[in-house]
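Two complexes come next, and they have one chain in common, subunit A, joined by subunit B in the first and subunit C in the second.
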Partner chain A sequence: MAATVHRRRRKHPVPVARILVLGFFLILMFGPLYWVAITSIKPSDDFLAVPPVWFPAHPTLMHYTAAMFSYRGLQALTNSLIISTAATILSALLGTPMAYSLARFNTGGQHLAFWVLSQRFLPPIAVVLPIFLIYRRIGLNDTHIGLIVAYTVFTLPVTVWMMFAYFRQMPKSLEEAALVDGCSRWGALWKVAVPLAAPGIVAAAVFAFIACWTEFFFALILTSRNAFTLPTVFRSFLGFQGAQFGESAALSIVSLLPSIALGVLAQRHLVRGLTLGAVRG
Partner chain B sequence: MADVKIRRLHKRFGTVSAVRGIDLEIKDGEFAVLVGPSGCGKSTLLRTIAGLEDVSNGEIEIGGEVVNDIRPCDRDVAMVFQDYALYPHMTAGANIAFGLKARKMPKAEIEARVKRAAMMLSITQLLDRYPRQLSGGQRQRVAIGRAIVRNPQLFLFDEPLSNLDAQLRDGMRGEIKRLHQEISTTMIYVTHDQIEAMTLADRIVLMRDGAIEQQGAPLDLFERPATRFVAGFLGSPQMSFLRGKLVRDGAGDRIRLDGDGSALPLPRERKLDGTSDGMAVLLGLRPEHVTRAQGSPREGFVRTEAMIELIQPTGSRSYATFRLGGEPVVAELQAHDVSRPGEKIAIDINLRRASLFDARSERAI
Partner chain C sequence: MAEELWTSEMAESISAGVITARVPRRRTFSEWSDRHFKWLLVAPASLLILALSVYPLLFSIWVSFVNYDFTVPGHAFIGLKNFSQVVFDGNARWSLIVTAILSFSDVTIEFFLGLALALVMARSFKGRGLIMSILIIPLFISPVIVGQTWTLLLQRPWGPTDFLLGRLLGHEVTVSWLTSTPWNFFAIIIADVWQWTPFMFVILLAGLTAIPPHIYEAAELDGVGAWRTFWFITVPHLAPMMLLAITFRLLDAIKLFDTIFIMTGGGPGTSTYSASYYLYTIGFAQFHLSQATAGSWIFLILTAGVIALLVRRLLRAEPS
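Showing the complex of A and B:
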């Protein structure tokens, strides 16, 4: 026993090396984040100071006020929240039964499931102009609904694919038991399959939300004065007379918050949803 | 309570025929066991009765009603699955109550029924636990509870014990049999385990390649197998088969073994309809048909000497393997028999109970 412990201990790298490696990665990951956070509360004079200012002597929230009100960050935040949330809910609502149908009834034969995913292979530039022209014709340009529809369509393939994998690894007999026990197909789906797939649905929804939240290209082309989202606002921080470092950093921090909140809220589900196969009781 | 009638049932998956023209009648209150090797179509047949698979051709009638186009939930059957299929997100109690809730039964009635079923299966103290907190045997009890609480007209069991260890399986087998005696609802039970089939069934339906090979009372199938397949499938250790020729020359019917040419005279009462002199046959001997010689040989027995190749003690008895006519034959010895491999002993072969098959068609003579 003592010999095993001894040998095992020797196998590990020296703690100092471990701390160094971990420290390096921590700096790599949190360094830029820290810099953005600190820049957002620095007075403008400190931005390009040499030596760099690691923590401002007089922190200020002026960049936040400017970003939210002068640059219409608040409206963009509201738009982003409405559009991303709606598209995520729609994507999950439509994607779940679609994935269930593909997984359980082999709908569309062997190829439909892959065809659904293959929609993601299409470069966005190939579809954005036709969509723009269609939207202009039917009056969906620069509207919430227009962007919600576009985002739902573009997040569906990944949602369906994640849920498809999830449903496929769920034992069929659970739903069959429900069918024999007195449920219709829909009953078996909502009472048994969906509750069991909840971790997968949450994981897929978080992915969809983040994809919508960070999407720039479609928002840039399909919106202008009304339905513009957070990522498009960053564009206005780069001007001919220089960059608005403070406002840009402040808005970055604001735009991070919903993702972080969502991540924390869904963490338990996320881990289970991403490690498919954890449902069997 | 209901009888089940199946007429010319076919089930195809694409080009593969899983069930091929089955006709079967199961009487009200009967315990029927569908048994056969894996892939013989027994589970598919059960699933078509449950409504989980569509019927390709033919008719299924439960309690006088053709159910081909009736959804599983409206057939009033309950099913116990091999992997228990307990809903992992519900407690044992909620699992048992699920079917009653789905049928919108009053709450008080549900509670009373769950309580009664739990008491019957001694799982009252487990009702608040989730399936993951239960052992295999406990899960199976909950699964059975979920079936009986509904008081259906027909129970279907799909290899319910095959995930349990041997000891637990014996116990649960007894409980299922006791359950049937108590509630005497029609039960159809699928298994590949012939011991389960023999011990549980009022009637065994032995299947092979999607068709019924033979059906009847367990002892009928055991004692009078219609084919070599049935004879080989039922019984453990398996029946031994010896190749030989039938000799019918007026000097008494006998079998001349192909291996060493020795002749085994058949008892006079043995009917040999449809046979001819020189016909190739298979003699089927179960271990209990071959025993250690005692006293003088009785009528219908043949005494011979053979060398023990192998001894397998089971505790209650020992099985010895000999070679007869060049082929291995298993004999049953007393548990305290002290014979050793390599020893030559006298054995009696009971040709009254032995089975005889046409070697070509493999059907019983």
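Showing the complex of A and C:
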């Protein structure tokens, strides 16, 4: 009898403990986001109130208009959209064929795959400094194209490795059947393998897009007044004590909503995305 | 293997029933592109990586041995002077210590919190999917915004943190989180932990759900206690995934830059200079580009061993 009770308790571990732990994490997770959201619609007079204003009596959208127009948030938003989208497409276009080749023909043995992957772990500072000097020489500094190309390279390891894992799980038989039916190798790739791998390609693209959208270091160094992206606008708020909190919060909200939405949509592929395909999840 | 047996040409001739004569030029091109198919597929991506990663790295070797400085004209060869200037710079050594302290604390805290969360979330229950979607949100936010968010929360006198702590502890709290040591370290660690605990959680959860349930059932039948089950079943089975999550996270943590840039600006003084932040200030605040490049090479070599280890592990983890 005692044994049964014991076993039952282990099978359904005290739900109270689970509720406490989850509650703790959810509050820690939501609290900061709530504070940003509230700060973005608070009138500036409320910032210094003690006790803090948890919900403003007179919500306002003035910080959003200020962030968009006085701090060139709108231009940053446009730049971020253009640059992230272009880099994502390029990365998928170049990365998918490479992943296919690595997965199907073991091209270059392990060395090529190793080499691509090692790019992911290079400290960005080691690459960005010389890229900055080279870009200065060839006039790519502070251009959309410059950042697009840099982001393409920076997201390639993710795309290649996610797709590499995906292709390896896909059966070869359909491509072989297509070859027997008179398809060329290129045809087998574009008409058979790519459509079959479409969900994987979309997932890889989503993670590449999020990586570009949230990237700061490359953008900080390679852009200034023209091709600056959303994260770099936060530089404008440095050193100002408190006065710009509303604007920075508004800009945070504008910037984090798209990437969170995309991320949650691609949630099913998250483990693969985080571990570059090493863990299936 | 099929790809060696079947060239598309053979496939074509079989499906057509006869070997068809083609326009010679087109035929040779398609033959050529077919023969080099696998290399043509990897060429564009490889060339781009060569142009934007390998070439800059090689170029930076040259930069690190000359005087490439926006404050000094010309690029004279100065040997190892750039390297020695970094090595003998107290700030450089301090920045390595800061990087080690911060990344070690970040990864350790994230690991244990992520493990706790994964254990709680391992079994299915009502609302698990929704909670899962909420818990992973920080992973999709720019570290800059995370830093800005915690600045809003912590900075005196605007942030609500000191007020809340005061209520909790029953006496007034006046901690300057961002401008006094050691609180600035805690502030940076809190922001990093907030953002990356879900990373550990997600990977460890994937590892937990992959442990075959019959092992637990067998342990239960044998009357093994919960702690022993955890130590002798969960931990050994989860170990490879733990190692993977920790190394992955560690490699990103040592590049720490964004939150420091936004939250403390390396300050007060140089107390929160991470290696990346130190190199950034040398290169882009003082414009000693050669010195910064030499420093990056030292940093790169210091981290290369860990990188190589992880990458080899990942290659082995790949399902064949």
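The rule is simple: the second predicted complex is superposed on the first by the 239 of 281 C-alpha atoms of A that agree within 3 Å, B and C clash if a C-alpha of one lies under 4 Å from a C-alpha of the other, contacts with A are read in each partner's own complex, and residues count from 1 in each chain.
Here, a contact is a pair of C-beta atoms (placed from the backbone, for glycine too) under 8 Å apart; a residue touches a chain by one contact, two chains touch by 3 or more.
Because the structure is a prediction, the values reported are computed rather than measured.
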{"item": "Touching partner for A:Thr85 - first (subunit B), second (subunit C), both, neither", "value": "neither"}
{"item": "First (subunit B), second (subunit C), both or neither touched by A:Thr143", "value": "neither"}
{"item": "Per-residue touch tally on subunit A - higher for subunit B or for subunit C", "value": "C"}
{"item": "First (subunit B), second (subunit C), both or neither touched by A:Pro171", "value": "first"}
{"item": "First (subunit B), second (subunit C), both or neither touched by A:Val180", "value": "both"}
{"item": "Subunit B versus subunit C as contact partner of A:Ser236, first or second or both or neither", "value": "neither"}
{"item": "First (subunit B), second (subunit C), both or neither touched by A:Leu117", "value": "second"}
{"item": "Where subunit A meets both subunit C and subunit B, residue numbers", "value": "176, 179-184, 187, 279-281"}
{"item": "Subunit A - residues contacting subunit C, complex", "value": "3, 6-7, 10-11, 13, 15, 17-18, 21-22, 25-26, 28-30, 32-33, 35-36, 39, 47-48, 50-52, 94-95, 97-98, 100-102, 104-105, 107-108, 110, 112-119, 121-127, 129-131, 133-134, 149-150, 152-153, 156, 160, 165, 168-169, 172, 176, 179-189, 210, 213-217, 220-221, 230-231, 234, 237-238, 242, 245, 248-249, 252, 255-256, 259-260, 262-264, 267, 270-271, 274-281"}
{"item": "Complex contacts: residues of subunit B adjacent to subunit A", "value": "50-52, 71-73, 75, 77-79, 81-83, 85-89, 98-99, 102-103, 130-132, 146, 150, 156"}
{"item": "List of subunit A residues in touch with subunit B within their complex", "value": "171, 173-174, 176-184, 187, 191-192, 195-196, 279-281"}
{"item": "In the complex, subunit C residues that touch subunit A", "value": "2-3, 6, 8, 11-12, 14-16, 30, 33-34, 37-39, 41-42, 44-46, 48-49, 52-53, 55-57, 59-60, 63, 68, 113, 116-117, 120-121, 123, 125, 131-145, 148-150, 152-153, 155, 157-158, 160, 163, 194, 199, 202-203, 206-207, 220, 223, 226, 241, 244, 248, 251, 254-255, 257-258, 261-262, 265, 275-276, 279-280, 283-284, 289, 292-293, 296-297, 299-300, 303, 307-308, 310-312, 314-315, 317-320"}
